[in-house]
Every structure is written in C-alpha cells, then in structure tokens.
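The same chain A turns up in both complexes below, where it pairs with chain B and then with chain C.
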Partner chain A sequence: MAKIEIKKKICLLGGYGVGKTSLVRRFVYNKFEEKYLSTLGVHISKKKIKLRRNDNDSSIYVELFIWDIANIEKFDLIVNNYLRGAHGAIIVSDISRPKTAESSSELLNKFLKVNNNAKYIFVGNKIDLIANTEFDKDNFVSKIPNGKSHFHFASAKTGENIEAIFSNLCLQLIEDFNSG
Partner chain B sequence: MSIDDQKSLEILRQILLSESLTKQKDFEKELSELKFRITDKDSKIESFYPIITDLLERKIIESEEEFAQVLSPIMGKSIKKQFNNSKDEIIDALYPIMGQAIKKSVSESIKELYNSINIKIDNALRKGIFSQRIKSKITGVSTSDILLQDSFPFLIKEIFLIHESTGLLISHVSSSEKVKSADGDIISGMLTAIKEFVSESFRSDSGSENLYEIQYGDSKIVLERGLYTYIALVYSGQEPAGFQEKLTNLSNEIHNDFNKKLREFNGDVSKLSKVETKILKFIESFKTVRKDEEKVKPRPVLLYLFFGILGIIFVLISFLTLPDYFRDKSIDKIISVKLGSIPNLQMEKINWTNNSGNFTLSGVVNSVKMKSTIDSVIGTISQIKNCNNQIGVLFVSVAPDSLLNNIRSVIQKMSANKVTCQIIDDQVVLEGFVDLDVDRLDLGYQISKIPGVRIIINNIKVDRVYNFSDEESKNLIKRIKLYFQFEKTEVTKTHIGQLDSIVPYIRRNPNLSIKIKGYSDNIGNKETKLWFAKQRASHVANYLTSQGITSSQFLTENFISDGNESSNPNNQRRVEFELLNSD
Partner chain C sequence: MDNILEVLLDQQKISYAIFDQNLELIQHSPNFIYSVELENLEIGLLLTDLFPEFFSFEKEIMNLLKTEKQSFKIEMVNKIDEDGNIIYFDYIFTSLNSNKLLLSVSDSSEYSSLKQKILQQQNEIKILKESISSINADSYEKILGTSDVIISVKKFIKKVADLYGTTILLTGESGTGKTLVARAIHNASKNFSSPFVELNCATIPSTLLESELFGHVKGAFTSAVENKKGLLEEANGGTIFLDEIGELPLSVQPKFLSFLESKRFRRVGSTKELTVNCRIITATNKDLKSAVSQKEFREDLYYRINVISFNIPALRERDNDILIIAKHLVSIFNKEFNKCISGFTNKAEKKLLNYSWPGNIRELRNVIERAAIFCDCEKIDDFDIVINVTDPEEKNKPNILIPPDGISFENLEKEYIQQALIQTEGNQTKAAKLLNLSLDTLRYRIKKFNI
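== the complex of A and B ==
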C-alpha cells in the first residue's frame, strides 16, 4: 500500500475570545484549558492526520502545522507575513456572539488576498453553551455570506466535532493528491 | 352608614391592620434605605466589601484565563503607571532582592565564562604555537585566527532547509544525533515566524530588515536566504575562512538543482529528499573535532612518565649504538673499496670481522705479497686500530726450475746484472749489488709478484759508488722515487742514500733546474693530504740545500696521488724529480 506524507500550513483566524487557542489545544493535545503565551503573537503546533485516499488502497499522512495567530483583527504587516504561504485556514467564530460571525467573512477575504488558492473552513465554536436552549443555527450561518457550504459547529470544551473540522479541511488540502 | 359605624369600622381596621401598617412602614423605611444603598456609592462599597474577596476568588477559579485577559491590560497599565510615578521607591524596594539575585547570576556567569575560556585556550596551546605557526604558513590564515579556531573549534550542529513562505521544513540534517533538535518542524515554523516578525517590526526607511543571525549560548544560527527556501545553520565556535561564501554557494546549488520542485512545492517533502545528501556533504567539508566537548580527562601521569623514561632509554641507546653502527658500516665500505682496488685480489675470498675497532681478516690469497699488500692497505685506514691478518696464502705450485727462470727473467729485465738468485727450501734468496736502494726494493717487489714465490730473502746490497756520468745521473734523477710511511714526511737514511747519488751531478751543473714533486696517498681529507705532500717535497729540498745545492735550482710542487701509479698507498706516498732543463 502506497504511503504519502505531506506537510501543510494552516492558520487559525478569528476575533478575540472566540476560542481559537482552545480549539488547537483540544485538537493537538486533547486539552481544553492551558496557560498559553506567545510573545511573537503566534503559536505553532503540529499534528499528523491519516487519511484514506479515494482509491481506498493507500493512505495519505498530512502533517498540519497550525499557526494560531493573535491580534488577527489588526491585520498588520506582521500578521500578513504569518499568513503567507498558508495552504488553508480555519475561521473561528463564537456562536454566543453573533458579531464574531459577521467578521468571519472579512477575515477570510483578507486571508485569501494573501493566499488566493488556499482552502478554508468556518467553525462556530462553543456549541456546548446552547445545548439546552433555542439557537437558530441557520440564522447564525447566514451571517457569513459564503459560509453555508463550509460551516461546522464545534465545541473546544467538549471536543465535539473537532476532529471532523480538521479532517474536513485536510481533505480539501489533499484534493490534488486524491485526484492524481 | 352612620358615623358611629364608621368610627367602629375605623377602630376595627386599626385593630386588624395596625400590625400590617406598622410592617408597611418598616418596609417602606427599609426600601428607602435599600434605594439609598444602591444609589449611594459609599453605601454600595460598604455592602459589597465583605463579599468582594469571595466573589473574585470564585470568578478566578471558574475562568482564570478570562479573568486574566480582562485584568491584564488594566494591571499592566497600572503597574506601568506605578513604575513611572515612583521609580525610585520601586527600585529601592526591589533592590535587596533583585540586586543580590542579579549580582549572583552575573558572578556565576562570569565564573563559568572564565573557566570555559581557560579550558579552551589551554587545549589550543597544548597543540603548540610552533605547529600553529606552521599551519599558518601553509594555509595563509593568521596565527591568531588559528588559535581562535583551535580554542573555539567550529562545529556545524545542524542545518534546516526551510520553505521560505510556508515555514515548512524540507530537510533537517545534523552532524550527530546528539546535537539534533527534537522537533525540527516546530523550530522551522518558529524561525520563520521570528524572521517575519523581525523583518516587519524593525522596518527602516529602506524597507523591511532581514534577520541574518541569532545567537544563543555558545551557538549561533545563521540564516541564508534564497528565492524559495532559506537555510538555518546552527553552529558553535569560530567561523573558518570562506564559511559564509560556501553557505551562499550551498543555497544557490540547491536552488539550481531543485528549482522546479521548489517552485512547485506543495508540502510533499519526499520529492526533495536528495537535498539531504548535498547538505550532508556540506557539513562533512567543515567537520572538525570539537575539542571543547571532549571532557578534560585527568592526565595519566604514570603512563606519561613510563613512556617518557622508555623514550629517554631508547634515545640513549640510539646515541650509544648508532654512531658505532654507522661507523662500522662506514669502515666496512672503506675496506671494501680499498681491498677492491688491489689488482688480482679475489675479494670474495676475503672476510673480516669488527670487534670494537679490532679487525680480524680471514680468507685466502695466492701470494705473500698479496697478503702484505692487504696489510699495507689496511694500515692506511685510520679508523682501524688493530688488525689481525689471518689470511692464509695458498701458493701456486710451480716447479723450482721454472720458478728460477721466471725470477732471472725479471732480474735481467731490470738490468740488475750484479744480482744472483737461488731457491733454498721454498725461499727465494737474492744476492749481489745494485746502484741504488730503490733498485733493491724494486727488484724485491717485482720478484714477489711472480706466482710460486713464497718468501724472499733480499740480501742485495747497494753499491755506493756515486761516480755517475752526466747521462747516468740524468736517468737516475728521472728514476728515483723516495717512499714514505703513512703520515711521515721526514727524510730517512734510505732517502739520503738515494739523494746522495744525484747530488754531485746537480752540484756540478748550477744551471740545472729540478722540480721536486711531493705526493701523498689519496685517503682522507684533501687539504691534509696536500699538506703532507708539500712537507715531503719541502724536506727533500731542505736536504738538497744542506748538501750545497742552491735553492734557486729547484722548485717544489704538491700532488695527491691519483692511484694510476700504484693502488698501494705505500707506493703513492713519495717524492719524485723532474728535470726542467738538462743543460
């Protein structure tokens, strides 16, 4: 069985407090809260994911290098450089704060300006908060113009849907390999 | 309703509601107090004060990070403000703790640095300044640079080849597993982030600034940027000459050789696996032994001492034996050459041994004369102190009549008409007279060479009647040869007998000019030999002067024998005469 190993850089985008860091922590280390400080305004972590190719006969190992970038709202030159070369992005919003969904599109557009062929996925984090209350998911998603087809709800706190988000993005990232 | 009824109702109401009214008033009073507490700042503080600590504690436990995020900007500002307003007070307060801590830290660091430098310099100097100077001459690098390189040996620890835009690691090679960083991927990402951070954070008027170097501990990271990748090289020690240029060449080579793959890089590093070979080759070209990583082992003093003594003994033995060995070799060579020059001597039948300068000759020759010639030749070798000639003489058996005829033939040939010969018990006995002593010796010498002659009894006497005609005297002068012993120059009685035979003729012819030719053998130093030759000629000239011959009648000349006259050194050391004019 053929084995392919590739490396991909992805960026985590999202406003303050949407839970980007928690999302990475949950995905990479399977931890929710942990002290975290980045002097440079970026924290890089990696995780290897095994995916089966379309031919079902071989696997692709994707090593994701996840750049968790702080102060993304500023979008200054440093942040722009951090985004440079990224193959994909996860744009995170907080479902308890609808405004964060509205800014998701803006973040995506800025990201695509730097990496126009990159893949992306939207994540509505903190789904655990509305477990027992009424929440209009469609309404939330509708705040993101092109979000419908790429939107996932998740919870960094409970771990719900986290693996699926990253796997989904990875599948997009390896389209070339699958088609080949 | 009558008035009474109304009064009664009022009384009843008072009875029934008095308590409620009182309570209402109390409530109203409490309500107004509460309203006051809520609206009044001081009252609010007073109300929350007892529970504020509990409240904060609970909040911190529930969401520490959130709390910190909220408070940190305020606290940061507050602390900053406090620092600005009361710098001196804060410094005074912190000094007793921080001052001591800093002092200790600095002191420890300096001590560590001092020890480290001492060890490194010591290691470098152990190699010796002399060898470093030689190295400097050969390489063209200054001695101080070599000393620095030896003190702080250059070691490439690891090299990262990183994709420029993504920060993804393409290749990671280290000089040894021991120094290889555990997670090259994360390091690559962070290096890229740092690089980007620096380039944008420290922008100048001319644009963004590039990061070229990072230093940590005793190591450095140099960044060599290319179009699609950059190299991060981690090293310690002193950079050797041409290092930066080679690094740039490596980057250029990688870009040239893998241009298309780098341009189309999509995260599949397996396509660029061959880059590793190139980087490894680069590391190999700089590989040096890292001295400072070698633990300073205690010197094995006893072992050094043992080998030292062994060395001294070896040197002493060499000093004592080698000169003898080479001298013996040299003497052997001289003997071979000298004996080899004796005509008709069969060298393969001659052997000799050397025991501390005492030589023993063995083997066989076919005549006594040959044996004595060997003796003479050996006698001329100054390095031989004693020689025991045990060479045997294997005589050729010749019939006595035949032998006698051969001897007579020689006598006749030499015009020794007054000489007779007979053979008595294998001995050749010569009797009679010759004109000169030289004739007597010559005749004996010539007869000794005849095969079958073992012993010669030479009873020939010199007929001292020096009344030669002019013609005879001229022939005599041409024939006279005065032979000398080794390193002897004095005129002997034999010499005088020969010289006296020619003195009357020279005295009779004051216009006669004679050259006196002094000869030495050809063994040894040329100047010494010429000196001996000159002395011989000079002594002969002095004798002639003493016999009344004017010194203007002769001149002297000195020669070293070329060996053509005779291979026997005894015959080479001589004085001859040459008539320059016969009138």
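== the complex of A and C ==
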C-alpha cells in the first residue's frame, strides 16, 4: 500500500472569544479549558492525520500546521504574513453571539485575497450552549453568505464535530491527490 | 568585539542564524539553540528542519534573496515553555546578499505578555458589553414562556416602556418576577443606558430609609460624616424601582408623595431643593388597599403610585411555562455544575406541572438547582424533584394528573381500595380508616368491585 505524506498550513480566523484556541486544543490535545485566555499574535500547533485515498489502495498522511490567529481587527502586514502560504482556513463564530457570524464573510474574503486558491469551512462553535434552548440554526447560518454548503456546528467543550471539521477541510485540501 | 556582540545580543534576548541560498544553516549565535526545538544544532540543517512551521514561507524567503536588505517578519509567535508559560518570539528574515539570509529571533515575552494582559481585559469588557446590550432592548421578549398570561405581560412592558413620566405599580405574589419585569420595562425604554436603581423597602431599617432614598448632608445626624447622594439622585435620568413599597415607613411616605408630585426634594438635613427626573416603578405583594384601610399606608400615596398597575401572574397560572422555565434553569445549572442534563422524564414533568408552586419562580429555581446537583442521569426524574411542602392544603392534595384521554374513575377507586387492603394486610377496619370511609361503605365497595 502506497503512503503519501504532505504538509498543509491552515489558519483559524474569527472574532474574539469565539473559541478558536479551544477548537485547536480539543483537536490536537483532546483537552478543554473553561477559562478564557485571549490569544495575542499567533499560536502554531501541528497534528498528523491519516486519510484514505479514493482508490482505497493508498493512504495520505497530512501533517497539519494549524495557525491559531488572534482576532484580527485590521489586515496589516503582520496579519498578512501570518496568512501567507496557507492552504485552508476555518472561520469560526460563536453561536451564542450571532454578531460574530456577521464578520465571517469579510474574514474569508480577506483570507482569499492572500491565498486565492485556498479551501475553507465555517464553524459555529459552542453548540453545547444551546442544547436545551430553542435555536434557529438556519437563521444563524443565513448570516454567512455562501455559508450553507460549508457550515458546521461544533463544540470544543464537548468535542462534538471537531474531528469532522478538520477531516472535512483536509479532504478538500487533498482533492488534487484524490482526483489525480 | 565578537564577544561584546554576543553579550549584547544575549542581554536583549536576541539570537541569530545565517542560511545560504539553499536555506541551509551556515552560522549561528551560541544562544540560537534556545530558539529551536532541537537538542543539537548542526551546520547544514535546513531552515525547515529548524522551524517546520515555516515550510509555507519558503517561496517568500527565496524571493527575499533576490533583493538585498529586504525583510520578512513574523511577529508574536507564541510558544509554551516547559513550565507552561507563554513565550513570544519575533522572527525577522533579512537578505544580507543574494547568497546569505539572516534570521534574527527575539524573545518579546516581556512586552508581549503585558500587551496580552491588556488585550485580555479589553476582550473581556467587549464580551460583557455584548451580553449587557443583548439583554437590553428586546429583553422583554426573552422573558420565558408562551402562555397567554405571560404574553400579556410582554405586551404591557412594550406599551409602558416609553411612558416615562407615569408611575407604575407591579403587584403579584412573592417570587413571580416583579423585579425582572421592572428591569425589562427600563431596558425596553429609550433610556436603557441610564441607571436602573433598585431599593427593597423591607430590607432597610425605617430610620435609615429616608437618608438612603433622599441622601443626607454632613452633620444631619450623628453618623452623617459626609454628604451622601440618595438613590433618587443616583437614578436621575433612569429608573428607580422600589420593591415592597408597602413597607415604606409612614414617616417617609409624605416626603415621597411630595417628591412624586413635584420631582423635587431635600436631602436629610439640607435646606437646598434638588430636582430629579426619573421613572418610578413600585412593586408589592401586599394588598395595599387593605393597608390603606388599616392606616398602614397613606391613601393619597396609594392613588399616586397606582396610576398604572399590573398584576404579575403566579407560576401556577402559566401552564406549560413551568416546563420552559425549568428547562432553562437546567441549562443554567448545567453550566454551573458542569453537567450535561438534557431535560426531564415524563414523570418529572408531570410532577412539576402538578404542583401549585406557592413560592413561584424562586421556589422552582431552588427545586431545580437541588435536582441538578443530585441528578446523575441524562434526565431529571421525579424522585430528583424534592418539593418541601409547607402548605397543609398542598400536603393533602393527591398527586394525580388526569391524562388527556381521561381515566376510569371506578378503576381508580378499585385500585385505591386494593392498595389500602394490601397495606393493612386485609384488615378492613384499618383500610376504611386509611381511606376515610365508614366500614359499611368500604364493605359495600369491596362487594361492588368484587375484590
């Protein structure tokens, strides 16, 4: 069985307190911290994941370099340098603060300006907070133009959907390998 | 000279490395080893061996080599040290010439940690502000419940929110949420960002209430060591909510009435008149009319505060709202006690709906809090719901809920007689006593039901 190893850089983008760092922590270390700690600058984590190619004959090992970038208020040179060379992005919003979804499209556009062929997905984090309440998921997703086809709800706290989000993005990133 | 440079770089927490045009390491400062996650630093290693995370910058870095003295910066990259502390590094790539690339790494933790602390506080304030503004304008819409009575409460709040000059009296049993409604009226008004000041007249000794409400000047009484603003002044431009207005001492009532009529008052011990413009909402669970007839409350004040009055419904009048509120409380206590309770079993729901909740939402909250603490299952069951019945009428009330498709009363009667006989081991005299029936009546029914 053939084994292919590739490296990919992905960025986590989103407003303050939406849970970008918590998503990475859950994915990389399977841990969750209740206390909120604002990220300054960028924190880089890495994790290798194994994906099966469409031909089922070979596996692809993707070494993900995950750039957890602090809330971006202005897209200056510092931020653009963080984004440079990224293959994908996870744009995170907090479903308990619907306003955080409204900036998702702008963040994506700015990201695609730097990396025009990159892949992306949108994540509505903190789904655990609405477990016992009425929540209009469609209304939340509608705040993100083009969000419907790329949107996932998740919870860094409970771990719900976390693996699926990263796997989904990785599958998009290896599309070329799969089609080739 | 080299030594001096090393010392200076070390003092400034800066290290450096030089790479060739293939991005292979050709030279480095002694302290550079602390900037990489390797045990040995060998000449010839690739930039990406030292910093795998920078693999995506190779193109940018190679481009740098084409132009002399161009730089590429990656700032505030944070890493966790062995002790769990965050350290911040700034990386600057500079082309020395077409064959050499300088990488300088500086530890900016001292400055960046301070910046992080400021950012942390700024973000926390922003999040708090967001949550405050989200409970403002439409907060009355967030009052839980869909029953007709609660819909009428929401309509009332919307209607009176901007009737700024009119005094509102909220009545209703204790624990029905009069404070919540008062706050919702304030939040739904145009003046929601002005102060909302709350005073429970029953919690302040009558001797201090006048000073608390109107303020005092230095020397007005023994302990008045300095001038003090009263709550009316604090509420200027906003709303003052006087809970349990029925407990307002008779001695203070004339002064309060005078303020209601003129919007003017004097601090205790002062001759200077002050003017305050604030909305007044009062609340009581007392029958003020009977307090008036018993001379405990001034009649003129009663009519002055009773311009618009509204009775907040008791929880037992709110049908299924009980379950909506209970589920909301579960989600609050899930967070507080780190639990994942998803709701209630059918039996528990029936128990909640079947009780009359004399203590209203306050009592419901306490019961759910206890249930959430002791529940170890996915759902709260009826035995988790412990109701401390103090009302003798409530104690004797049978715990029966008639299902929507009805019951057979005869079967129920038969069932009770059978249970009484089982409990008394067939002793009909004792069974009759348990059921509060005469022995003859019990015998007649035993025969009738062929027990």
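One rule holds for everything that comes next: the second predicted complex is superposed on the first by the 172 of 180 C-alpha atoms of A that agree within 3 Å, B and C clash if a C-alpha of one lies under 4 Å from a C-alpha of the other, contacts with A are read in each partner's own complex, and residues count from 1 in each chain.
We adopt the following convention: a residue touches a chain if its C-beta (ideal position, glycine included) is under 8 Å from a C-beta of that chain, and two chains touch if they have at least 3 such contacts.
Just so it is clear, the model here is predicted, and its values are computed rather than measured.
Asker: Do chain B and chain C fit side by side on chain A after the overlay, or clash?
Answerer: clash
Asker: After lining up the shared chain so the two structures overlap, which partner does A:G85 touch, if you call chain B first and chain C second: first, second, both or neither?
Answerer: Both partners, chain B and chain C.
Asker: Regarding the shared-chain residue A:F166, is it in contact with chain B (first), chain C (second), both, or neither?
Answerer: After superposition on chain A, A:F166 lies in contact with neither partner.
Asker: Mind working out whether A:F153 is in touch with chain B, chain C, both or neither, as first, second, both or neither?
Answerer: neither
Asker: After superposition on the shared chain, which partner residues are touched by A:G17: those of chain B (first), chain C (second), both, or neither?
Answerer: In the superposition, A:G17 touches chain B and chain C alike.
Asker: For A:I44, select first, second, both or neither according to whether it touches chain B, chain C, the two together, or no partner.
Answerer: A:I44 sits against chain B and chain C alike.
Asker: Once chain A of both complexes is superposed, is A:K9 in touch with chain B (first), chain C (second), both, or neither?
Answerer: both
Asker: Using the superposition on chain A described above, determine whether A:K99 touches chain B (first), chain C (second), both, or neither.
Answerer: second
Asker: For chain B, which of the listed stretches 1-9, 127-135 or 163-171 runs into chain C?
Answerer: 163-171
Asker: So chain A touches chain B in one structure and chain C in the other; where do those two contact lists coincide?
Answerer: 7, 9, 17, 40-42, 44, 46, 65, 77-78, 81-82, 84-87
Asker: Spell out the part of chain A that touches chain B in their complex, as residue ranges.
Answerer: Answer in residue numbers: 4-9, 17, 33, 35, 40-42, 44-46, 62-63, 65, 67, 76-78, 81-82, 84-87, 176.
Asker: Under the stated contact criterion, what part of chain B meets chain A in this complex?
Answerer: 64-66, 69, 163-169, 183, 185-186, 189-190, 193-194, 196-197, 199-201, 203, 266-270
Asker: Going by the contact rule at the top, pick out the chain A residues touching chain C in the complex.
Answerer: Chain A reaches chain C through residues 7, 9, 16-17, 36-44, 46, 65, 70-71, 77-78, 81-82, 84-87, 97, 99, 129, 131-133, 158.
Asker: Given the complex with chain A, which residues does chain C contribute to the contact?
Answerer: 52-53, 55-57, 59-60, 72-79, 88, 112, 115-116, 119-120, 123-124, 126-127, 130, 134, 327-328, 330-331, 334, 340, 342-343
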